[in-house]
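Take a look at the structure below.
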């Protein structure tokens, strides 16, 4: 089993932006690593599947996959298995992101299999009822993200603080071992601070970092919100 | 809101067998109605979408849909909405059957919308962890069915009594208002009796009735298991 | 085999609007029937699956399904098979509508099976390359509809006449037995006339009729475009 | 544009077997490279997405992706874009493998985009009607594989030579620039020779190589069938 996920945490989903792959993706990864080292902040990065090998060789912070298919190794074409992610150095994975939603039986399967293989899991949920249901499956983390705010300019912590608060409450009631992140529109240290005030253990964000003009300044600001 | 689902209950999923549609499907529906009336047993039938109108006109027992798409009425082609089911007389619906699995956000959406429209819901689950997660979404019923036993000759109550018992326990812990059915391989009154001994409030079955040679005898036997 | 589809034709996809079901849907169906009878115009209507039985009993014009699942009758839950459509009186079906896109192997399967069962097929395509590929599968009709224009206010015949012309040409080259319709934004008799000038054998439309304020006037205008 | 695919060709789909990743996958890749170099035979290999970077650095033969999602770079999570494949050295990709079937509009999109980006494409088809339809989309190669024979012990060239012959004929009629491969159950040089006699330009195979006990002997035998 890898080290437990240190919280509070900033999880960065690279998605598949042009800047998420190749030299630009590597530069971003090294920057995250450097800032985590210097600040002591816990940062997890999720590069595209094809980039995992190169990225994990360059950094000391945890590298996760963005998704896995709910299948065992074998006669499958074009799939990404948990074993494939692990083989190139991933220590965890996102599950059920709103851009890659899964059937409930498949979420259960992936969470259980990742645990057995020693990988961390963060299951994404679109509202507090789904957060509650996902908590019953026992992942390490749940990230609640209202889909209509993803990629937008208003942080979930301002637009819908209640969804964060109620997810934290309901997840705790169902399974107190599961920690809650929030995401969607998160861009600044102020958003991170607000997330933590609402009871979250961190944030999941993507374009806020990957599409930022000044990535160093953005990351420094975000990390400041953890303190 | 229609009458609450009376339990213990036998829910019959007609699926789309040749014998589920047309005159044969109508005959089966009238038979279920007659046996329910005479025995006092609670029976719910789930004919194919195209048959709902004709069936519900002929019977007094509750008629449910087999599935609905998680979409609102509007510009959608080939979808079956909850409103469409309701318009032809359905009082409830199955959700997430193993032959029609859904994303978790869509299960949550369907359960909430059906409740608002006054329809009952039975969410299918493949194991006790998924039963537990689905209970957090608050449907009327959860039907636990190990997929590998569906359509087979050995009843879940013999092949895997633990999955029934543990689903009952875990659902009760998460949401005591949700009742549990079990299914897969159920064919006889003895299977029904065993299901109830294990804490279930009834059974969900399909081929056990629809493909039975002597449907009247089979139904009489099943109903006998409720007493 | 039912009567061949008489062309030029106006195919009306009811989708699942509130006005597509119940008494409103029946009224629309009777109106289409009356106008077809009086004008001699060929009109095909595609009500939602749950409404097919009631609609086909009321009208003489062809009634089609909006979609079918690519499966045989049997142990399937919530599916709509071609046999189910046929049992409630459908004489044909739409396949691969942009709101219900299918895998290519499944389109091939549905076209072949419908032909064997004696149902007509109209395969929808999003551009002329896909029209050409679908023509190779031998349906009765292909309806080319640029997805970005569906449900909008500008007819494909104005916004993109080339897509209609090139689909007609390419389909003819691959399989001259297949006739081409066009759709998306079609609302008026002028649009219908233009479609026919471009080489199409008619139109596929939905909201243009189902959401029209004055449905009789709209239908009369559309039908006028066929002459 | 990379060099045109040299035919006749042996395309090896690694799928996601345990032996497809890590050191075992690299050893297989080096072996394919060595045998291609020594024999002059054209071999294309398709490792899992996470392995592409490491494999392409080690070999001179073309490395392809097993699949791509039909999306542009951007705000997508867990997807594999054509750009991602290209960035780690892929020169082509499989499309619509029977274990990763796509909607027809998406096949058209991927073929067109890959061509624009300078990658080769091989579209898989399950029968000759689908081969014919896919030929209309203009990929470099079509691989016809009856799904029921995939992973089995009888080569398509013995079990169903007609499907190969008719695919070759029909593809040629629709688009003579498209070359045809066949697959499913192919394991020996004799199977390769038969494929070529039937008019195919090579074979697509997976377990026949990846699960072979003696991979060198198997590859030498296969390559022998090209002469």
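Letters A, B, C and D name the chains as they come in the text, with residue numbers starting at 1 for each one.
We take it that a residue touches a chain if its C-beta (ideal position, glycine included) is under 8 Å from a C-beta of that chain, and two chains touch if they have at least 3 such contacts.
In this text the structure is predicted, and so the values were computed from the model without any measurement.
**Student:** Taking touch as defined above, what minimum step count separates chain A and chain D?
**Tutor:** 1
**Student:** Over half of the interface residue numbers used by both chain C and chain D, so same, or under half, so different?
**Tutor:** Same: when the shared numbers are divided by all numbers used, the fraction is over half.
**Student:** Centre to centre, using CA atoms, which chain is the farthest one from chain C?
**Tutor:** A
**Student:** In whole angstrom, what separates the CA-based centres of chain C and chain D?
**Tutor:** Whole-Å distance between the two chain centres: 37.
**Student:** Distance from the CA centroid of chain B to that of chain D, rounded to the nearest Å?
**Tutor:** Computed value for the inter-centroid distance: 44 Å.
**Student:** Pull out every residue in chain B that's touching 2 or more other chains.
**Tutor:** Residues 98 of chain B each touch two or more of the other chains.
**Student:** Let me make sure I understand the interfaces: which chain pairs count as touching?
**Tutor:** Pairs satisfying the touch definition: A-B, A-D, B-C, C-D.
**Student:** Could you pull out which chain A residues touch chain B in their complex?
**Tutor:** 96, 98, 101-108, 112, 125-127, 129-130, 132-138, 174
**Student:** If you look only at chain A, which of its residues touch chain D in the complex?
**Tutor:** Of all residues in chain A, those touching chain D are 13, 15-18, 20-22, 48-54, 65-68, 71, 73-81, 83-85, 87-88, 94, 97-100, 150-151, 206-207.
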